[in-house]
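Each remark here refers to the structure printed beneath this line.
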Amino acid sequence: MNSAFSTVTADRAVPLPQEFTQVRKYSETLCAPLEIEDYGIQTIPDVSPPKWHLAHTSWFFETFLLKPFLKHYQEFDDHYAHLFNSYYEQIGTYHPRPERGLLSRPTVKQIYAYRQHVNAAMLVLLAQETLPDYPEIVRRCIIGLHHEQQHQELLLTDIKHIFSYNPLRPVYRELPISNINHTAELSWHEQPGGVYEIGAGAARQFAYDNETPRHKIYLNSFRIASRLVTNGEYLEFMHAGGYYNPAYWLSDGWKIVQTQHWQAPLYWVKQDMQWYEMTLGGVRKLDAHTPVSHVSLYEAHAYANWCNKRLPREAEWEIVARQQPITGNLRDTGYLQPMPADLQGLAQFYGDVWEWTQSSYSPYPGYRADSGALGEYNSKFMSSQVVLRGGSCVTPQNHIRATYRNFFYPGDRWQFSGIRLAEDIT
Amino acid sequence: MNSAFSTVTADRAVPLPQEFTQVRKYSETLCAPLEIEDYGIQTIPDVSPPKWHLAHTSWFFETFLLKPFLKHYQEFDDHYAHLFNSYYEQIGTYHPRPERGLLSRPTVKQIYAYRQHVNAAMLVLLAQETLPDYPEIVRRCIIGLHHEQQHQELLLTDIKHIFSYNPLRPVYRELPISNINHTAELSWHEQPGGVYEIGAGAARQFAYDNETPRHKIYLNSFRIASRLVTNGEYLEFMHAGGYYNPAYWLSDGWKIVQTQHWQAPLYWVKQDMQWYEMTLGGVRKLDAHTPVSHVSLYEAHAYANWCNKRLPREAEWEIVARQQPITGNLRDTGYLQPMPADLQGLAQFYGDVWEWTQSSYSPYPGYRADSGALGEYNSKFMSSQVVLRGGSCVTPQNHIRATYRNFFYPGDRWQFSGIRLAEDIT
Amino acid sequence: MNSAFSTVTADRAVPLPQEFTQVRKYSETLCAPLEIEDYGIQTIPDVSPPKWHLAHTSWFFETFLLKPFLKHYQEFDDHYAHLFNSYYEQIGTYHPRPERGLLSRPTVKQIYAYRQHVNAAMLVLLAQETLPDYPEIVRRCIIGLHHEQQHQELLLTDIKHIFSYNPLRPVYRELPISNINHTAELSWHEQPGGVYEIGAGAARQFAYDNETPRHKIYLNSFRIASRLVTNGEYLEFMHAGGYYNPAYWLSDGWKIVQTQHWQAPLYWVKQDMQWYEMTLGGVRKLDAHTPVSHVSLYEAHAYANWCNKRLPREAEWEIVARQQPITGNLRDTGYLQPMPADLQGLAQFYGDVWEWTQSSYSPYPGYRADSGALGEYNSKFMSSQVVLRGGSCVTPQNHIRATYRNFFYPGDRWQFSGIRLAEDIT
Amino acid sequence: MNSAFSTVTADRAVPLPQEFTQVRKYSETLCAPLEIEDYGIQTIPDVSPPKWHLAHTSWFFETFLLKPFLKHYQEFDDHYAHLFNSYYEQIGTYHPRPERGLLSRPTVKQIYAYRQHVNAAMLVLLAQETLPDYPEIVRRCIIGLHHEQQHQELLLTDIKHIFSYNPLRPVYRELPISNINHTAELSWHEQPGGVYEIGAGAARQFAYDNETPRHKIYLNSFRIASRLVTNGEYLEFMHAGGYYNPAYWLSDGWKIVQTQHWQAPLYWVKQDMQWYEMTLGGVRKLDAHTPVSHVSLYEAHAYANWCNKRLPREAEWEIVARQQPITGNLRDTGYLQPMPADLQGLAQFYGDVWEWTQSSYSPYPGYRADSGALGEYNSKFMSSQVVLRGGSCVTPQNHIRATYRNFFYPGDRWQFSGIRLAEDIT
């Protein structure tokens, strides 16, 4: 049996068909506030149009489940294999990523019809429990649902980016405002050095192949901050000339600071000598107590450097985080913005913002990519990217876990990404 | 009185308010076949989203007529001044041209409401015939209508380009097919040399400032072809290796041939050893008798060179064309594609395709740009562009005239642009 | 007989072999102040390394004279055909222009040996006066000498550019300083309209093919300035915010102003609130009386616009200039910098700076390019470039004439190019 | 005391002044075969002109030793601080890296004079053993010598690149040809898992700060190949379509393969159906037994993937390599090309080619950058680069060690970089 993407079919809270329907439905719920015109925009190559996300996630089920396993399955439109393949070279050609925003057709309506077509067929397939391939069907379906959840997060980050490019400053929806007007004091958790095991193991929980296998690592003693760095703290770095002093920066980052004229996190805007922040709820006055968000690895590194601290290694993060309950300001709270830490002690490991680590994204010892085209899901991205941990305020709670490895390029800023500090004990 | 854009208010076929309503309405009629999603796409910086055209042409009336002349005029939305200014530096800031396709808002519905708002106000203004500024109001209104007609042509060329980028090959509307399956033989019109007058004069007809003043020029004797170059003739150039032999090409053109890998006119596609052409009516087998279209100045020049001919000067074109009636395959025929010349003799001067001349776009002797921001309309583009003459199958008949000067960069191909040959008599 | 590049063999001041030797020698004289290291630098694609000029001009004689006409001619090195062909597609491949500065070999010494080899063979060839091809040999040789003179001018402009990129501010040679500390008042020469003839005719003087044939044109009455625009006058434009006001600029020029951050002519540098200018003699305080130099067509146009004047047409320039003797601050004065006009009346038509016209570079009526590869010399550049007239302080006196058409792209500034104003008489 | 760059002054084979003189002299010896023209070329931003290397290494001593420590030291030329600073932001401004090849001045002669000036002053300084700062002087001097050795390697790799761009195919010097016409069979060394220590420790040997501190890591059991991958083996990958099958490639690498049209290692050229290789000794027929060289991390990864193997982690490499004597085909052999492995067993760990690991370049636990500007030497490059180990045929033997960490971007190919395979024991 394939060890990657290992999964479990028993013990599900709800039957798989019902979960399938819920997850699939949620993608559409997320799009409810959109105008038809919003569905088609691609501001930068990293961002995909919302309708592309809706279609691509359906293509995933059609390609990896319906076509191989559902007898007499009727493809919805044979152009879609090309249009909605993201990057699976072994599946066939794909539409160039930077041109996803140039496709007015299929229309939003057609894409919703596509979703319905795929959903209906999937429910037929999931009912065929006696098929010899049924375990593989279940396994792939669960991957497909996790995949859909990832794209749900991207839907929100991409909508935010799309709206940020529009001088009319559209609002996705009214967001609740935090009534916490303070930040818990930052304390340091000490962890003794030694051999630890990290990664996803035989436990009866879903994991992507890149989280496996569970393996030993050696860590030196270290300290990790109890909470995330706040906007207010980050402002001090800015006031200290952080964006103007190369001494704090990685060389590649300093080049971007100069060529892109970075002077603040991505969505910050200064008006009348006052900082504001674009959010999914519109432009708001910057809250000093909220975790800083939408910073690149370069900014996170420069900030840590300025503090004489460093970013955590991903293993450090994991062995501390796994002692915490998986709760926090995740998508389920509905805030869709990071929130201040109000209680003392270890906090904000899950939710609020993805936490940049200093670990580059690379295979674990003994790693084997999933077989076939699904093996491209994670493995081929293992160069020049950096691991982020813990999920954000737009990550579904049942999607995140202590072993989860997200990864982006060090200059990426359009995700909800922030900073937790660490340091060596010497 | 301002000599540029000189115009005449008497003798109108229909009263100005009625003409205003007709022209404005037609822009919307042109968009009737579009899906909402089609309105927002910008494939390349040259192409604007259809909804941008609809809004910008309204902005023109709002900016140059309603704001300065209509008392108590209520601006529709104060962001639009920035969003829908195309390039008038003296008016204020404008949204970067390459980012017109990134604006999902305002929605199509809002833009139609904007049009209605502007139309209603314009009709109020046009009724105020006793205003002291009324002559200037009429003058600008007429410019605005010609401007709107230009954008109507762009609507069609841009929709064609947008659809051409979509692998689903959308069809704008079914187009009638020509039943002419031959081409009139090409003959040569001889024109004796001497001093001529060209340009728009005191005649009671609208003209842009760049057509004025009427002035003398000296021309040598020359010959000009009776009809346009056909697809079939252009194919001979291709079969003779035209795209592979630098000897025929201007140096700048040859660089593009190599870097962009040009091997045929813009919308030609080869399938199964057979040439097809994308049209507003979908993909069609290439018709050898139809004028070649969507070629750049470089291709037109190379073709002419290969034939040992040359392109006409704009003055040569004008003095021959003005002897012809202004009829032809213009937008009013509804073909929306060039059509073969079926009768002997001088033909196709108006309509079918814009005809590249060898004249670069520059001011006539004595030229004065219109005053104020409207002076930017034409004058600031007088470098590195080339004059085209005669209108195309998507130009309204009442928009074109013998003195009309269109202009594009020598590498542009997304307009309906083609080739008429000329030669010196020596 | 080929009408282009028509030439005359009688009446030469000195015998051709002697002239050949003089011109060839002068290229080397110009390089005498250089260090070996200076010979190889290419700062931008437009600029060629000095040693490349020395080799390419030799390649010209080898390719168009020695190989076709000198029996048993032994090629110096068969790689040079590729390395030192500039752009003649019909001759064969050529080394990419932007990579001329990446060639350390052949060494400077080898290139001087190449020159000697070619020179010796050329003198053998020029002695064979009884060859049936001798008239063609003479014709081509004279073209080759004019070609060499053009590259002599480029040698100086390119060395200036190369030195300008070096923070050590190398000096080419000490230059004499003008003792004229005033400027002649600007007056206006009036020329009545009518039919004129311009271009190079049957006269017994060398001309490039692009100056032919002599032909009639019609000109309206106009005025042309008696002298060039000075640095002091140009500074007024700058102080009036010329580089910050788009109203004066052509659209393409304004884009460059913004993206390249142009704020002054090319070689101007501001230090301690004072303007200086880089010259071949080092950095000097800006002289207000000297003609402004190293401006692009865009700057020339913007300046003229700001003055409510315009640039002259090339025909206007020619019919006035041909009434003047061909004298002025040409290379032969040794100033290698423009100098103030000190006497009233028409001045500075020849020398000082090339004068931007508003005429784009295009073929004269009846123009025929030279046959064969030499036809590429001029004809294939007839798009998007603009004509300049009159020569500069680095043009040899016996190279310039009233009909001479130089041409550069409107954004080019590394030549000695300046401004003479004109206006319509209405 | 500063733990980074820790060093030892006792036990030196030769006294420091003598070592200083030897190392400095060797840089000049390496340049002996060059023409003056070769000294100034920069083919790509990564490559520096040889004369820049000669000057920059002198600047290093001037900046970090002479200016701070030698009383009355007279700077050679105050422009050099800007011209020859490579990237030390804390020292001051520096000339843009991609423009190093545009500086004809200072001349080669001047740079040799600069070297002499610095050398003389350094010998004075090194004689002042009673200075209180003398230990720091020694420490920095030793860093400076290692720095010089690094640039000696770059001199050779950059000269190779410079010559490779020249169609004349210059030869640096005649190279001895291997008489080994076989390759030792590849065997696998097994290493049991467990906790190991790696990195540079308290031992009395020089190390860069990035090798410290010595620290524990945990490794799983693994196998590592006894020798490097050969050209012949790599050819099999190519014949199997390796450059055409995305399945083997990292996503970022596949993009480069397509956009740069990679089809073979950097210096391979195909002529008449036969592969050749550019070397410092000229173009040679490809030797199947020689280790493949000048491959990027992407190619190394794809090759390993195709074999169902992987690249080693840097720790794996280190614990095996440190059991080997530091001998091999290093610069001292004079081959300046990789050579075949002829004996069975672990081989080629040192010399021949730098071995790509799968470890990205990041700080060791407890790492502290050197203080002051010297801290920029290594630390600011710790993003997006990959570690290579073991030195190459152009690395001096007394420069390499088991803990040495070299680093380049995954797409870099102009270094002597190759492939050693590894695999997990499961």
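Note that the chains are named A, B, C and D in the order they appear, and that numbering of residues resets to 1 at the start of each chain.
As a convention for this text, contacts are C-beta pairs under 8 Å (C-beta built on N, C-alpha and C of every residue); 3 or more make two chains touch, one makes a residue touch a chain.
Listed by chain with UniProt protein names: A, B, C, D = Ergothioneine biosynthesis protein EgtB.
Only a predicted model underlies this, so the values are computations on that prediction, with no experimental measurement involved.
Taking each chain's centre as the mean of its CA atoms, B is the chain most distant from subunit D. Chain centres here are Cα averages; for subunit C and subunit D they lie 47 Å apart.
Here the spacing of subunit A and subunit D, counted between their Cα centres, is 37 Å. The geometric centre of subunit A is 60 Å away from that of subunit C, both derived from CA atoms. Multi-chain contact residues of subunit D (touching two or more other chains) are absent. Chains touching one another form the pairs A-B, A-D, B-C, C-D. By the touch rule above, subunit D contacts subunit A in their complex via residues 87, 89-90, 193, 195, 215-220, 222, 246-247, 249-254, 297-298, 301, 310, 313, 358-360, 362-363, 365-366, 380-384, 386, 410, 424, 426. For subunit D in complex with subunit C, the residues that touch the partner chain are 35-43, 79, 82-83, 95, 99, 101-108, 162, 165-168, 170.
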